[in-house]
Structures are given as structure tokens and as C-alpha cells.
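Both complexes shown next keep subunit A, but they swap its partner, so subunit B is in the first and subunit C is in the second.
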Partner chain A sequence: MYKIILAFRYLFRKRISYLAFLAVALCVFIVVVVMTVMTGLVTDFKQKNHSFVGDCVIGTESLVGFAYYEDFMKILERADFIEGVSAVIKSYALISPGGTERSIGVEIMGIEPVRHSQVTGFGKTLHYRRDDVSKAFEPIYDPNLAGCVVGIDLWLTRDVKGEYAYGAAPAKTSLTVSCFPLTAKGALAKAGTGMVNTKTFYYSDTSHSGLARVDSSLVYLPFEQAQLLCGMAGPDKRVNAIHIKFKPNVGLENGCKKVALLWQRFAEEKGGEKKAGLLEKVTVQSWKDYRRAFIAPMEKEQTMMIAMFVLVGVTTVFIIFVVFYMIISHKSKDIGILKSIGVSSVNIIELFAGFAFLMGLLGSCLGLFAGWLFLLKMNRIENWLFEHFKFQLWDRTIYAIGDIPNAVDLKVLTGIMLSAIVTCLVGALIPSWQAARLKPVETLQVSQL
Partner chain B sequence: MSENDFILRAEGLYKSYRMGAADVSVLKGVDLAVKKGEFIAIVGASGSGKSTLLHILGALDRPDKGVVKFEGRDLSRISYSELNKFRNKMVGFVFQFYHLLDELSVLENVFLPTMAGKSILGWLACRRLAKNRAGELLGQLGLGQRANHKPFQLSGGERQRTAIARALMNEPRLLLADEPTGNLDSATGNGILKVFEELNRAGQTIVMVTHDERIAQRAGRIITLTDGKIM
Partner chain C sequence: MLKLFLWLRYLRKKKIVFLSIAAVALSSALLIIVSSLFTGFINAFEQSAVEAVGDVVLVPPVRFAEYPLLIERLEQTGAVEAATAMLSGQGLLHLGGGNVRAVNVWGIEPARRVRVTGFKQFLLKQKKSAQKPSFEVPGFADRVGGFVGIGVVAKPNEKTDEYDFDSAETIIGKQVILTTGAVMETEAGGEKKFKRKTLKFTVLDIVFTGVYEFDKKFIYLPIEQLQEVLYPNEDGLIASQIQIKLADGVRASDGLAQIRDVWQRFAAKRLGWGPYLIKQTTITTAKQLQSQYVAEFRKQMGILLLIFGVISCSVVLLVFCIFYMIVETRQRDIAIIKSCGGASSSVASVFVGFGACIGIIGSGFGAILGCIVTKNINTIEEWVRIIFGLKLWKSSVYMFSKIPSQIDWASALSIVLLAVIAAISGALIPAIIAVRTKPVDILRYE
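For the complex of A and B:
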């Protein structure tokens, strides 16, 4: 009991203890804020990628695509673990906005909007047709025209607050889309003739996925039109990918394994068919693997950030070590007194370990509370700084990030708190051990006072 | 006289300290026997080894050679945990500079030895009794009104009486006092000695170290330590 009482008294009645306590709180505060923002950015980025892709993708990187997709989609639709499937055409094209000489290189994606919305978050990225995705390619101003959905950053710019200036309705604008159709063997389908397929579409909506690269370079086209443009229509129609969404209770890894098995069997069955060769390059990937090239750098940044905070942790250990060393140097008389009344060396270690634990616990509680409060008000603070001093953490006209992520993750907080406590215990370890080794006669001698 | 009449026996105690490159012999074969209920004063000049002897008798330090027997038990043969129990229950120390814990109140300082000797549950079970005893001891020593004060709010005499109360808290068989009046004026020191005399009259065995012959005269027996030996 005396250990608890003394640990509390040492903590609250020594100014130097307050300094150590504040050092712990400050470190925890910094780690909470930066980790929350960083984790928020990574999580948000992953969610957007997941929403863009669906759960699983069967596809090939080749622009030629693969055939017999309709047969396989029927198999997938019969599977009890699959909620939806969407065939997708992917290629590159040049677009020329009506009335301009300008040509822009873009990626095109041919989709069936309703199916694709069942599998991905496509429907939620629309502005004008969000409530009726089936009309995504029907321009409001003339539903009979062939519409296209344009990545928002191709069409609109962000203001300083990160807002897009949408009109009440989409302006009637044509887009001429030209692309090179390919044969099943990868040759230019129209070699020697016009080379390119060109068709005019009309701007029907914008898509705001929140992924900068997607929003600044992707144009969605109606599936059949895109298939025709890319030379994938005909008797053995081809697609580049099939996006899949699993039922809610199906795990990602498990679902992908099942799809891979189905695909393996299907490819074997189709082995003797004319265009079976195209099936060989098809892979089954989870959304994480499919978007690995984009997600990995952010995860790497997060890992580097964690590594940097390990260094902050080392600094904290050193601060705690110094503070404890000083406290214990001042408390050597107390240690002598305690030993003279029968307190063991182990109890001395426990006393100072308790002191360190309290410092870690209370310091991290204060740091967590301050961090949580700061995160709660962070966007408001940033807005205020922008209004008064034109300061922004990042330029909203350029970056596709709106608010600063500030959703506190309980797991992260618990991890930080435990780390802070362990850090304090580690910092106090050597001084406590030294204290325990002190001989009472050495500390109680008149010459030592 | 039987062996049972002695509470403490020291035989052939040697102790030396390293000072720089040289070994300084402090005790050079000390033999001492303390009977139950005795009040002994150990006198000697500064550096004669009085405090070292007291620390060895109270198991705060170990001799290089020799044996200390407390009620027939050789202290060099008992384990560390038993040694801690011995310091907690069998002896009470009173130091020249009081050595109270600044963070604790006077009352807390007094019941500290009882608290230190118990687990949390053990302490919770006996805390009322312990606090009552600590209060009674403070009352007997004239510090009833000072129980909730902090040591820095007390005079030197009051601090020393608090230290005596702490030393007596667990009703030790032996009270060891190292220059208990050394830091006090003569009137206050006299008061402390009166406390010791009263305790001794009540049966308490006391070994006191002092360099002052006049103070030593108040004890029942005087042992003079000169150059590491008892004369």
C-alpha cells in the first residue's frame, strides 16, 4: 500500500515529475494527432480504392481482353457467395471536347451503370444521376443522346475550399472519343483504313471517386459502345475485366480463392476453344492486390511514419530515464529509510515501477485527451487559419482530399497508451534497479545528506 | 547468566571500508553482549566506528568477519527476506537526522513500518488498529496535535520524537539510536533522553550511540569504542 501512496506523492509533489509527465503527454499528443491523420488518409484512400474496384477483379492487363466472359459471368451469378458481377471494357482514348481543337489522352471504361453500381461505388460518385444510376448515360438535356460520365477533374476545377462549381444541370457539351480498336491477336483492327474508331458522346454527369488519378483521367462510356470502339464486339465478344462483389459474410481472401478455383475450372473447360489463349493471361486478384501499385506507397509512408515515431519513443525513454535518474538521486535517503524499516529491493523496484506506470498512464491520458480534442477541432482550426491567414495544410485546388481525417481509432489509441506506459517503464527500469541496489548505510550516512 | 538473558551478541566483528587506494579498518574485533531490557550507550570519538557497529547490530550492514546473534540466531545465516522481516519487526532505528519521509504526514511516517510489513489486503485489514496505535504513540510522545502535519512543519525535537514513534510502531525487541540528540539543542536532547529512559523503564532494550559522555551517563551501561575496539 505504501508503494501506491508514495508513487502518487512522488508524482504530484515533485516539479520534475510534472516535467516528465508533460513530456509523456506531449509525445502521446503528437503521436495521436499524426497517427490519426496518417491512418485516416491511408484508410480513406483504401476505402476509395475498394469502392472503385469492388471486392475482386478477374482481368488481364492486355488491352486485347479475354473472350467467353458471358459464360463465366453466368457461373459467377449462380455462385452463392457472390452478390454482383460487372463486365468492364478498359482502354485508352483521345477525347476532344466539342467546339475545341484540344485532344486529351484519357482512360475509358465501358460499364453497365446499374450492374457496376451493384459491384462498386460508381453510383455514389455521380452528381446529377446519383439517385437513378440507370440513367447515368442519359444526358438530362436530351436523354436520346449517347452520354458519357467524365472524371470530375477533367471537367471542373476545385475552389480554394475544395468545392466543385456544379451547374444546376450538366451543360450540353459533346465529347469526341477516338481509340484504336484491336483484334483478338492484338493487331490494329482497322490497319490500313481509318485506324481509329471515333464516336461522339455527350456529357451526362461527372464521377467523383476521390481518387485523384481516376478523377483526372477516366471517362465512363456505355458498355456496348465502348466494346464497339475498342474492337471487342463481334461473335466472340471480349472484355478486359469482370469486377465482383461478394456477399457481406464472405471474407475477401476466401472469396477470391473460390473465384480463382471457378476460373481455373472454366479456363480448363474452354481449353479447346478458338480464343482460349486469351484466358491464359487472366488473373484473379482481390481489390487490394489489384490496386497494390497505388496503395503500397501510402502504406510505405505510414510504415516510415511509425518508424519515425519509434524514434520519438526512444527520445521519450531517454527523457524518462533522465528524470527518474534525477528523482532517484534525490530520493536515495528515502530508499535508505525504507530499507531500514524492512522494505526489500524488489519492493523498491515495484515502488518506482509503479511511479513510472502512473506517469505513463496519466501522461498518456492527458495526451490522448488533448489529441482527441485537437483532432475534433482540427478542421475548424484549419478553416479559421485559412480565413484569417490563408494557411492550409494542403492546397484544396490541387489535392483531392477534403477535410483532414480526424476519426479517432480506439485500437490506435489503446496501442499508443500501452506504448507510452511501456516506454515509461523501460525508461525507469535502470534507475529503479540502481535504487534497489543502494545500501541503506550508504544513503543514511551523515556525509551523504 | 543464561544465553536466553541476552538479546544480542556480537563476536569478533571486523569491518573495513575502501577509501581511495587504501583499506580503512573501522572495527577490529568487537565483542559485545546486550542483555534484554538493557540501556547501553556506545561512546567514542568521531570515526571510531560507533555508527558502523550500530548498523551491523541492526543488520543494515554486514561485517567482514565475525558473528551477530539476535536471540541466538546468527544474522549472517538468514535469507534476505528474513533479514527484511527482522528489520521490520525486531529492531527500530532512530537516526541523528530523523530520516522521515517528506511526502508523508507525521501519522503516515509513524505507521509506515506496519504498512511496509503487510500486503495491500493485510494492510486494509489492520489499518484501523495501526492508525490507532500510531496515534497513541504520537499522543504519548506529545505529538497528538501534529499527526497531520508534514515533517518540514515540525521542530527538530518533534521530528526526532516522530522518528522514535516510528521506530516503536511494530513493538521491536531492540531500539537502536544513532546520535539521537546530535542534531538537537541540549534542552530538546534532554527531552529525547527522558523518552528513552521511560521506554527502558517499561522494558525496552536500547542501544544508543553518542560521542557525548554526558549523554552516555544517562544509559545503564557505557561501552567505549576506541580505534575500532571496545576498551
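For the complex of A and C:
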């Protein structure tokens, strides 16, 4: 009991304690705000990638693709852990919007919109056909025309608030799409003629996935058309990837393992077929592995930021150390009295550890509260700053970021709080040890009183 | 003298003072590193544009003819050292074996280009040659030669983020096919349609600029051959932009004014363009082209420095705590000074001066540490990769293959000054407490 009383007494009676308390609160406040924003960005980015890809991808990096995909899709559809599968054609193309002299190199994805929307968040990325994905490739102005869905940043520009100026309906615009048809051996299908496949599509909708690289370089085409353009149609049809969505209760790792096993068996069964060689380069990856190249840099930045905060946190350890050192110097008589009535050295350490814990707890609580309050108002503050001073945290015409993420993550908060408490305990360690080593006979000498 | 004696004594006797020195050093080092790396990145970003397109770029709204004449006129002005034409397009490059890449195609004049940009030093093979870069294919006068960015033919190593130059160079001498196209009138006349075009060329060299986007997406072809493919019906030479190097000592604003003047006369008289098209022409410095991004980077640097700056304010608290403790434990010293006739200002200056010393020593160490880390940041990053297997810097993410490691002396100096001010601020209240100490209270016998 006396430990609690003394810890509270030191905290509230010693004004110097307030400084340490404030230092802890300040650090916690900054870390909470920065880490919440950072975590929000990373989480949001991951979610968008997950939504773009689905749970699992069976695919090959080669543009040649792989054959017998229809047989394997049947196997997948029969599996009890799979909710949906979607075959995808991926390649590069040159597009030229009608009425302009521009030609742009883009990535194309051939998909069946309904199937793909069951597996990924494709349907939700559309603007005009969001409610009826089956018509994604049917331009509103003329449903008989072959439509295409264009990555939004290829088509529209963001305003200063990061919003796009959609028209009431898509404007009738043609897009000439030229692709390389490749043979199963990777050679140009029309090498002798030096020709490529070209077809005109009409703009039917935009896709806004929220992933800048995707939205600025991807054009979705109807599956069969893309297959024809890329030379993947014919007797042994080919695709570049199969995207899979697992049923809700299936874990990602577990699901991917099962798919990999199914694929392994399938590839072995098809070993004797004419185009079995193409199956060798096919890999089964979870969405996280498939998009690792994009996700990893953001995670690294988060790690680097944490490392920087750890460095800065060292200063807080110093402050706690100095404050405790001072308190212990002043309270040597208290310690002497406590030891003289039989309190052990361990109990003295516990007393100051408790004090440090209390300081860390209360300081981090104040910091967390201030951080939470600031996060809650952050978007409003940014809007106000933009209205009055034209200041934005991120220029929305450059970055594909909407509101500043301010959803507080309990895990992050707990981590920060624990770190603050540990910092206080580390800072108090040496002074507590010194206090424990004080001898009552020295501190309670008449000359010292 | 007395002050110096006391400062040295406190430094020697009060080991805790070293904590404040360490904290000041740590905070200043961190801020110097952050500002130097950011500034280095911004400078490299601006410089990459200058090295790629020269000092000034002239971009008309549509392609134009007779560019050699324009270049001649530009070079006649004292402001322009050299100028070169460029014709741009986009295409798909088939490298064989199902390997197709979307690329930006630049039709260039290699011999002129080296006078405007640092293009020659980027060519892996021809940079060693004493002659100017050329698209001539040795032994095959009828073949078209071209240069490709290293990222078009190779991928940086996943772990080291370095290209395998030997493997990339194996493509030199091979023929690849470029598919591109242009909008042109149909044979029936009237309606304009996009026509695809293919061009077979021999890879003569690999371009490695160290800027990821340029290395990954760009290929370079002779401007005349690209024109033949894209615009076969055009008479005379055409270009889509002119890239210019200003003469030494010419201010950008003066250079821009002279170039604009030459262009306006050329466009009106030789091309017969109206005021609208002339006005639509962009004549800007390479740095201005990047200004929106640079402003954004600077803003982000400011925010990051603010965050670390606010946290570094705890240094003030630390110095305050330590000085408060010194004042408390050294009251007898203070009382003796005062009893010997020392003025309050002298007492205050002992502590304020000591605070300044802490700030100077701490920020000095911080500056040294910051400089060492910044200068060796690439080595440190490499060691982090070797020890932890974590590749922090990737050219695909941060554009450049190496971390820019210049020290931003202006920021470093400001940070050092702020650190000294912070340390003095921390010492201020303890100094006031010291001033208010009464010798009679402290030096009483009992």
C-alpha cells in the first residue's frame, strides 16, 4: 500500500515529475498521430490490393500464359473451400483514343465482369455500371458496341480535393487497341507479316481501384476479345492467371496450400499433353505474395518510421532517468526511513518501478487522448487549412489518397502505450537501483538531516 | 575565467550533463540526416530532369517542321549553348520469347543530344568511345540501330537492387521489334484513324541513367527513322519538342525570354502558326517541369522535420531538468559567487553559458554524426541488407538506384543553431532560480 501512496505522492507533489509526464505525453501524442495515419495508409493500401487481386492467384509472369485452364477451373469450382474463380488475360497494348493523336502504352486485362466481381472488388470500382456489373462492357450510349473499362487516371483528372469529374453518362469515345498475338512458344503469331492485332473498343466505364499504378495504366477488355487479341484463343486456349476467392471461413494460408496441392496434381495429370511445358512456370500465390513488390515498400517505410521514433524515444528515457535521479536524490531520507523499518531493496525498486509505471501509464493516457482528439478533427483541420492557407497534407492531384486515415487501431494504441511504459521503466532502472543501494545509516545521519 | 572554471568543473563532476549532450547530439543528428536525405533526393530529382532533357524544354501543342532551322536560330542567340530535337511516341517492344514491354519511344539526334544533356555517360558501351554516340549498325548500313533502357531488358536483383550489366549487354547486337502507331488520314481521305506501325531495329547500346522510370520505360531511336515510321507522309524533318542547354552564366529567366522570342518569330513566319498555337507552346525550364512534385516533397520534408522537431523539444525539458538539479545541488557555489560581489547577471550567465556550451558540444557531435551517417548512407543501407536481409532502398520505389547522400549544409547550420537555442532555453529557468538564490539563506551556519 505504501508503495502506491508514495508513487502517487511523488507524481503529484514533485513538480519536476510533471515534466517527465509531459515528455511522455508529447512523444505518445506524436507517435499515435503519425502511426495511426501510417497504419491507416498501409492497411488501406493492402485492402485495395486484396480487393484488386482476390485471395489467391494461379498465374505465370510470361505473357504466353498457360493452357488447360478450363479443366482446372472446373476442379476449383467443385472444391468446397472456394467461392469463386475468374480466368484473366494479361498483356500490354497500345491504345489510341479516337479524335486524338495520342497513343498510349497500357496494360490490358481480359475478364468476365460478373465472375471477376465475385472474386475481386472489380464491380465496386466501376462508376456507371456499379449496380449491374454484367453490363460493364456495354456502353450506355450504345450497348451493341464492344465496350472497355478504363483505369480512371487514364481518363479523368483529380481535382484539388482528390475527386473526379464524372459526367452524367460516359461520352462516346472509341479506343483503338493494338496487341501482340503470341504463339504458345512465345514468338509473334504474325511474325512474317510484322502485324499485330488491332480492334476498336468504346469507352463504357472507368475503374477506380484506388491503386495509383493500376488506375493509371490498366484497361479492362471483355475476356474473349482480349484472348483473341493476344493470340490465346484457338483449340488450346490460354490465360495468364486464374484469380480465386475462398469461402469466408477458409484461412488464406490454408486455402493457398490446398490450391497449390490441387494444381500440383493437375499439372502432373496433364504432364503428357502437348502444351504441358507451359504449366511448369505457373505459380500459386496468396494475394499478399502476388502484390509483395508493391506492399513491401510501404511496410518498410512504416518500419523505418518506427525505428526513427525508437531513436527519438531515447531522449524520453534520458528525461525519465534525470527526473528519477533528482527525485531519488531528494528523497534519500524517505528511502532511508523505509529501509530502516525493514523494507527490502527489492521493495524500493518496486516502489520506483511502480512510480515509473504510473508515469508511463498516465503520460501515455494523456498522449493517447490528445492524439485521438487530434485524429478525430484532423480532416476538418486539413480542410480548414486548405480553405484558408491552401495547405494540404498531400496534394490530392498527385496522390491517390482521399481523407487522411484517422481510424484508431487498438493494436497500435496498445503497442504505443506499452512502449511508453517500458520507456519509463528503462529510464527509472538505474536510479531505482541506486536508491535500493542506499544505506539508511548514511542517509539518516544527523549531519544529513 | 571563473565561468569557464565552473563549466569545466560541472562537466567533470556532473556526469549527468553528458546525457543532455547525448540527447542534443542525437536529436540534431536525426534532423540533419532527415533534412539532408530529403534535400538530396529533391536535388537529384531536379537534376535528373536536367540530365534527361537539358535546361529548357520547348513543347509546342503539335509536332512541327523545319526544326534544324529553329535550332540554328536558337544557337545564334548568346543564351543558348546547344539545342536538339526530339520526337516522342509510345509503343510495345517485343524482345522475343513472349517478352513484350510497353515503352516510351524517343526519336533523338545522338550527336547533338550529348551537347545538351549528359546522355553519353549513360550509354554502357559507347561512353568509353572517344567518338560521339551513333545509331549506325557496324557492317549493316541498311539496318536501324537503337538504344534501350536497362530496365527494359533486365530486372534489378530482388535482393541487391542492382542490374546484372553483363547479362543485360547480351542483347546488344540483337534485333527487336517495336510496335507503335500514329493517327493519320485513311486512304479515302477525310477521316483520321490510328494506324499501327512496326519497326525492327538492332540494339546498339544500353542506357543506364540510374533513374528507374527512364531506365525501365525508354528506348531511343534515330529521329529520322522514327519519323518515317510514324509520319511517313510528312515532308521535311519534324519534331515534337526541342531540348535546350543554356550557355554558362545565362540566367534561366533571360534564357527563357530569348528562346520565347526566337520561337514566336519562327512559328509565325516559318510555320505560319496563329497566335493561339504559339501561345499554347510551353517553354519552361526542366526544374519548373518538376516544380509541383518538388513543392510536394519539400512539404513532406517540412512535415517530417516538424514531427521530429516537436519531439526533439523534449531536449529542452531534459536540459531544464539537469540544470535544475545542478542549481539545486550547487547552491553553495552560487551563494559564494554572490557573496563575493558577483552580480545576478554573472550568475545567470554561468548557467546560460553552460547551456550554450551543452548545445554547441551536443549539436557539434550531432552534426558530425549526421554527416558521417549521411555520407555513408548507402554503405549503411547495404549493411542493413546483409545483416537483416532488409532492402530499404529500391530504385523501383524511390526512383534512384543510389540514395542521394549530399549534406544539406544550410539546414545543418539552422539545426545546429536551433539546438543551441533549445539548450539555452532549457537552462533559462534554472538560471533564474540561481539568480534568485540568497547567499544569506544558503551560507547560514545552521
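The rule we apply is simple: the second predicted complex is superposed on the first by the 441 of 449 C-alpha atoms of A that agree within 3 Å, B and C clash if a C-alpha of one lies under 4 Å from a C-alpha of the other, contacts with A are read in each partner's own complex, and residues count from 1 in each chain.
Here is the rule we use: contacts are C-beta pairs under 8 Å (C-beta built on N, C-alpha and C of every residue); 3 or more make two chains touch, one makes a residue touch a chain.
From a predicted model like this one, the values you see are computed outputs, not experimental measurements.
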Contacts of A:L376 with subunit B and subunit C, given as first, second, both or neither: neither
First (subunit B), second (subunit C), both or neither touched by A:L6: first
Partner chain(s) touched by A:S340 [first = subunit B, second = subunit C, both, neither]: first
First, second, both or neither for A:I30, with subunit B first and subunit C second: second
Touched partner set for A:P440, first subunit B, second subunit C, both or neither: first
Which superposed partner A:L418 touches (first subunit B, second subunit C, both, neither): neither
Greater residue coverage of subunit A in the superposed arrangement, subunit B or subunit C: C
Set intersection of subunit A contacts, subunit C complex versus subunit B complex: none
Residues on subunit C engaged by subunit A in the complex (per definition of touch): 16, 19-20, 22-23, 26-27, 30, 34, 62, 89-92, 94, 96-104, 177, 179-183, 193-194, 196, 198, 200, 292-293, 295-296, 299, 303, 307-308, 310-315, 317-318, 320-322, 324-325, 328-329, 390, 392, 394, 396-397
Subunit A residues within the subunit C interface of the complex: 16, 19-20, 22-23, 26-27, 30, 34, 62-64, 91-94, 96, 98, 100-101, 103-107, 176, 178-180, 182, 186-188, 194-196, 198, 293, 297, 300, 303-304, 308-309, 311-312, 314-316, 318-319, 321-323, 325-326, 329, 393-395, 397-398
Footprint of subunit A on subunit B - complex, ascending: 51-52, 55, 58, 60-61, 80-81, 84-89, 93, 95-97, 99-101, 103-104, 108, 112-113, 115-118, 120, 123-124, 166
Residues of subunit A touching subunit B in the complex: 1-2, 4-6, 9-10, 13, 333-334, 336-345, 347, 439-441, 444-446, 449
